[in-house]
Amino acid sequence: MAGPVLEVRGLSVGFADGRRTVPAVHEVAFTLHPGETLALVGESGSGKSVTSLALMRLLPPAPRTRVTGAALLRGRDGTVHDLLALPDAAVRALRGDRIAMIFQEPMTSLNPVHRIGDQIAESVRFHRGLDRHAALKRAEGLIERVGIPDAARRLRAYPHELSGGMRQRVMIAMALACDPAVLIADEPTTALDVTVQSQILALLKGLQRETGMGLVFITHNLGVVAEIADRVMVMYAGRIVESGGVVPVMTAPRMPYTAGLIASVPRLDLKGGEMVSIPGTVPDPRAPPPGCAFAPRCPHRRPTPCDEAVPPLEAAGAGHDVRCRRWAEIAAAAAPRPALEARA
Amino acid sequence: MARFLVSRLAQSLLLLVLVSVIGFGVLHLAPGGPMAQFALVPGMSQAQLAEIAHAMGLDQPLPLQYWQWFSRLLVGDWGHSYRDAQPVLAVIAARLPATLELMGAAIALAVLTGVTVGVLGAVRRDSAFDVLSTAGAMVALSIPTFWFGLVTIYVFSVKLGWLPAGSRATVGDASLWGYVHHLIAPACVLALVEVAVWSRYMRSAMLDVIDQDFVRTARAKGLPERRVVLHHVLRNAWLPMITLAGLELPTLLGGALVTETVFTWPGMGRLFLDSLGYRDYPVVMGILMVSALLVLIGSLMADLVGAVVDPRVRLD
Amino acid sequence: MTDAPLAPPRRLAALLSRRPAAGRARSGALHRFLRHRLAVAGLAAIALMLLACWLGPLLIPYDQLFIDIRHRFAGPFAGPHVFGTDQLGRDLLVRLLMAGRISLTIGFAAMALSTAVGTAIGLVAGYRGGLVGAALMRCVDAVLCFPSVFLLLALAAFIRPNVVTITLIIAATGWMEVARVVQGQIRTLKARDFTLAAELMGASGFYVMTNELLRNAVGPIIVAATLTVARAILAEAYVSFLGYGIQAPVASWGNMLNNAQQYLGSAPWLAIFPGLMITVAVASFNFVGDGLRDALDARVEL
Amino acid sequence: MSQDHDEALPSARTQGPSRRRLLALGASAGALAFAGPLAGWVPGALAATPPTKPKGQAVIGLSQEPTVFQPLKLHIEVDEAVYMNLFGTLWRSNPDGSFAPDLAAEIPSVENGGISADGLAWRVKLRPDVKWHDGTPFTAEDVKYNLALLVDPKFLSGRRAGHDLLRDVTVVSPTEITWRMERPYAPYPAILSWTWFGPKHILEKEADINKPAFAQNPVGTGPFRWGERVPGDHITLKAYEGYHGPGPFLETLVIKYVPDLTVLYTQFQTGDIDYIGLQGITPDHYDEAKTLKGQVVQPVPKATIENLALNTGLPVFKDRAVREALYLAVDKKSIIEQLYYGLPVPTESYLPMQSWAFNPDLPAQSYDPEKAKATLDAAGWAPGPDGIRVKDGVRLEFTNSTTAGNHLREQAQQLLQQNWLEIGARMTISNLPPAVMWGDYWMLSKFESAMVGIDFMVGPDPDATDYFSSHAIAAKGGGGQNTTQFDSPEADALLKDGAATVDRAQRKAAYLKLQALTRRELPYLPLFQYAMVQGVKAGLEGYVPNINTQENCWNAGEWYWA
């Protein structure tokens, strides 16, 4: 492979709140290679969606948000563009073409008053300059490709005439319209029935194989991660707290938070098994804890070193990073299945 | 669809009957009457007056008068004007086009301006433009239309001499410009309140839509902002506006009456005032019925058009 | 189910939304109202106007009715009459303020009346529902079919105009919206549990209506009432302007305009001051209504 | 007839000409229709000659809308502006008060044998060359039909009084008609001067004579024929080339309806309107209008007298002393000079000063509150605790009404209110919409006091029976407009004398006495005789104000552009 298709460096996002700026994302960095799937995992408010919207430049403009860092996207011709530094028009030319996104709510993410064919074709018409007829032809192909039967007829359907799963397929078709190099999928299955979920995941995986696109898959559900991701990046309170290959992170999480997330996955093999959850809530970004942001909810918390300062991201193995002062201690002391389970 | 139409029509007819009862009651229970004009005829004796009243059916009990009027209405006979003996429908029909012209121009102006201001205000929310246009709309809603009309005449006709002071056209000048020239001031005055209403509604409808997910989807496609706003936000936001157009009809008609008075516009509103002065009951009732009819048709049309342009709505 | 432990990112939505954070709702309607600068300005203007109209005339050494025919059409801001004099040589300022008393009184009285009637009809229609409710609401619809100006003029042409009758006819053409708002509100409230709870506890219909439903519909009613004051002032002005309203020598803002129309060329201040007073008064009530709408979170559009 | 100076009143004012003595200084006497420029009216340009073919257009602006186009039907003053130009009368009144034949070949008189010495037998000769606008010849049959229709009980006639005295109307030949009068009635020639005729051959075919299709496309014998009507806006009349008299010189005559007086004036100012009819330019604009370039603006006297009508049927007004005192307390000078800009002329009579029967020797009122108080004191009206006078339990307190919306009159009312309060009389203003004011409220004397402009004459004739005869009190079952309920046997006798003879000297003697009587008894407090500010665009020749007609566009057939 010819190097990463997307490289994010030191991405930080802050929201203006009155005269202050409330930080939402700190110094996020990652790389994405063609054909690779990176799962971005975290609770609500962890900053994963903000990260993706910042990459897409879909956050409100400057005075309301402050975005710093770089997001280098490799263009079709091999040139590298910094998504965060380009003028709006240049970003628009890449958005929907080289980098595309699908959203969590298929029910509301489609425009209710336009036919889905037109909505899919719209992107092609703009990026490829096709006329309406040719664009619709292509849309029909895309609809078939995302597994919707009777494509020619569906083209003329309105969103409200489709089920949630169908709509998400339409969203995917729309995102794939211009063969993007990077697809960001923000919780694409959360709002769907479980059976539909796996269909969509399978579809995404299949399409990725066909096109070789890089996939950033955002979810709060680690069960899904295991199915789809090559690498995992866990976020908490706007920071990456653990990242690495899917196997090491899922089997041997080093960050207590990651461990908690894994434990909270409902398991089909445990019949009637109790749901495990992490107590407490995500800290208010306006008043973050002084040290480790997870410390207030962490079973392994020690005032020292946990509350002293924000811990740095440390290497915990090959390509496996973790943001915890005590990861080594905890790992040494604990059994493979972390202690959180007991707290249920 | 058919069932919807039938039930709506039935409801509208019921409303029309109610309207006619209320209108008839208000008019006929009040003091004064059409006999005043006959009483001033030289040599008219009280006995002759009584004869005329009898001939006009004015001496009968009110419910009976109503029934006679209404049963004639049912067969399409709206009666004759007491004043000039012409059929009421002909009298109204002669005046309606002027009113419709004024209303049409005003609504076109109001929709165009109001929608633009509302869209810009929503897109640039909290900008100076937004704050000023919102406050401006509120003030526009508060200016008495007749006063604004007077000031307009004073400034643009009397002081500056740019616009004609009232009337629909200069007699003998049948040019299009002649008509447009006369239309400018009254249409603007009538449009003022409507611009305010439309921009406020448009802005809030836009804001309802602008934060929705599908707008983000459109942006994610890399569409130019212009297209996002016009094709995606506006296309959704103007759907409730169609209903508004229906709801605004009574206000607009009322505003037209006021504007017609100030600008001596030869429309239905002016006729209404003149006929009230003469207690020309058949004409006054006719105008009330026609305006109620317009209002009902307007709201029905708004529903129908709304259903046609909004794929989500099914009428049944 | 997967969402149970970790809710989807609602807070993000709150952050991204550029609307005032919902989280601040707790700081109360008053706070939200006060944040509405135009509404506060409107309230201040109304207070000032009430004060000026009721106290001002006591401080001005002219009688609003005293005719001094030799000093007619004195210009404003020159000489002893601050706002000049009118066509009969009366002091314009004191007339403006006395007219304010009349216009505002009619505004408030018509509001009170139409709100009371509208609320009563809306309550009954909303609570009773069924045939009675439908019949009442059809009547509301029928009256709404008339452009209110038509109805107002039809009524005005027949009455002997004075403050009471003018108030009555304005109220008669202004209660329908309130009725609609209340009826709609009551219907949604009725569908909620607490009505049922009250009824199960044996409360009478009247009790439920007044104590439970009405109390909960009070926000929209207040907003509607405020906007009704604005409408009533405009209505009075128009009727009086046409000469069917408040009669000379008593002044109202509307009939001051009526008399001033023909002097637009020679004495424009006679038309400008009353027109401005109407605009300021109506705008103030509209601003307050708008602020209340936000503060009480009542979606009322009149 | 009550006349109001604002819009939308249903007053069927049908007044007519009177003899203009004072203003007719240079008038060419005689039977010709054209009576030279009036003293007091200065034409805009040097006299030019009329064109040989009809040319150009004149726009007449009116603040009320003509809507009745069947001239015999019940109509109002403004409708006559159309009749004057579209229809013909047997004869019409000149500005000097003489008659000029129109459809008649000559004015019937005792001298030429048209009227018998006792005034009962009439013989009218008609012009042989008159054709209706549709080409049908006009004949005596038309006259007979019209005279019969006017008194047809099924017809909503514009005037029955006078016509109902006719008996044995006989067509002698197509150009000659005769009839007999039930009794001598002096005003009848005057009444005929504003009785316009419609075509028998069309009207007799109407399915319902009260709802005539004729009104859609009226046909007359006047100098102009029907063009088109845009309701609510204007009526266009076209030159009738077959007209039997002089003219028409204008190709088009437009009668435009502009209900708002201010807008009407503005359109006159900007030149959209060439002449403002009816009440003309409002006095408020007089000073400004005088300075207009390109417009000739001047006050023109009207026959209407502004009055305070007191309902003498009420206890408070029964006492002559009260009426006298109220009159003394009226600051007439301020009303005329300040409120009406000095335009009207103060008067003590109910007749215009131009009438041949006008009495110039009546005592002049002077504003004297002290004398008014003394009068009331002497009559036993003593001030009560609140300053309002009382006598025998009757408080000196009453309402005053007029049509709502008449600005100048409302100002005068307010001034009077202040005047009267000074002498201990409280007047409350209670103005009403026209349809209420002029209905039973006025006709059946339900008002207390009213401010009205009245033209008391019957056409050009000074007969005021309708207003002062005790048989004309509608509230007591009479037919007439004696709404003040003035009941005086002396007045009845004088009125009877005046109407029963055609001898002018004899009539004048009766009317002079009657004027002295009403000045003394004061059923009406006379304020002033109206003068309207009228204006025409410079260059419009042939315009001549005529106090004897309702409308000064009476001779528009002879107008032309210089």
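Order of writing sets the labels: A, B, C and D. Residues in every chain begin at 1.
In this text, a contact is a pair of C-beta atoms (placed from the backbone, for glycine too) under 8 Å apart; a residue touches a chain by one contact, two chains touch by 3 or more.
For clarity, every value in this text was computed on a predicted model and none was experimentally measured.
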Chain closest to the assembly centre - both centres taken as Cα means: B
Contact counts by the stated rule: is the higher one at A-B or B-D? B-D
Averaging C-alpha coordinates per chain, one finds the centres of subunit A and subunit D separated by a number of Å equal to 92
Distance from the mean Cα position of subunit C to that of subunit A, given in whole angstrom: 52
What whole-Å value do you get for the distance between subunit B and subunit D if each is reduced to the mean of its CA atoms? 39
Each of the following residues of subunit B touches two or more other chains, namely 31-32, 153, 158, 261, 273, 276-277
Contacts with 2+ other chains: residues of subunit C: 16, 18, 157-158, 242, 261, 264-265
Can you list the residues of subunit A that touch 2 or more other chains? none
List of subunit C residues in touch with subunit D within their complex: 65-67, 69-70, 72, 87-88, 157-158, 160-161, 242-244, 247-249, 258-259, 261-266
In the complex, go through subunit A and note every residue touching subunit B. 56, 58, 88-89, 91-97, 100-101, 103, 105, 108-114, 122-123, 126-127, 158, 160, 171, 174-175, 177
Residues of subunit C defined as touching subunit B within the complex: 16-18, 38, 138-139, 141-151, 153-155, 157-159, 230, 234, 237-238, 241-242, 257, 261, 264-265, 268, 271-272, 275, 278-280, 282-283, 286-287, 290, 301
Counting only contacts in the complex, subunit B reaches subunit C at residues 14-15, 18-19, 22-23, 26-27, 30-32, 125-126, 135, 138-139, 141-147, 150-151, 153-154, 158, 201, 211, 250-251, 253-255, 257-258, 261, 272-273, 276-277, 284, 287-288, 291-292, 295-296
For the complex, which residues does subunit D have touching subunit B? 1-2, 7-14, 57, 59, 65, 67-70, 73-74, 76, 153, 156-162, 164, 210-212, 215-216, 230-234, 236, 252, 254, 256-260, 262-264, 266-267, 269-270, 272, 432-443, 458, 466, 474, 477-481
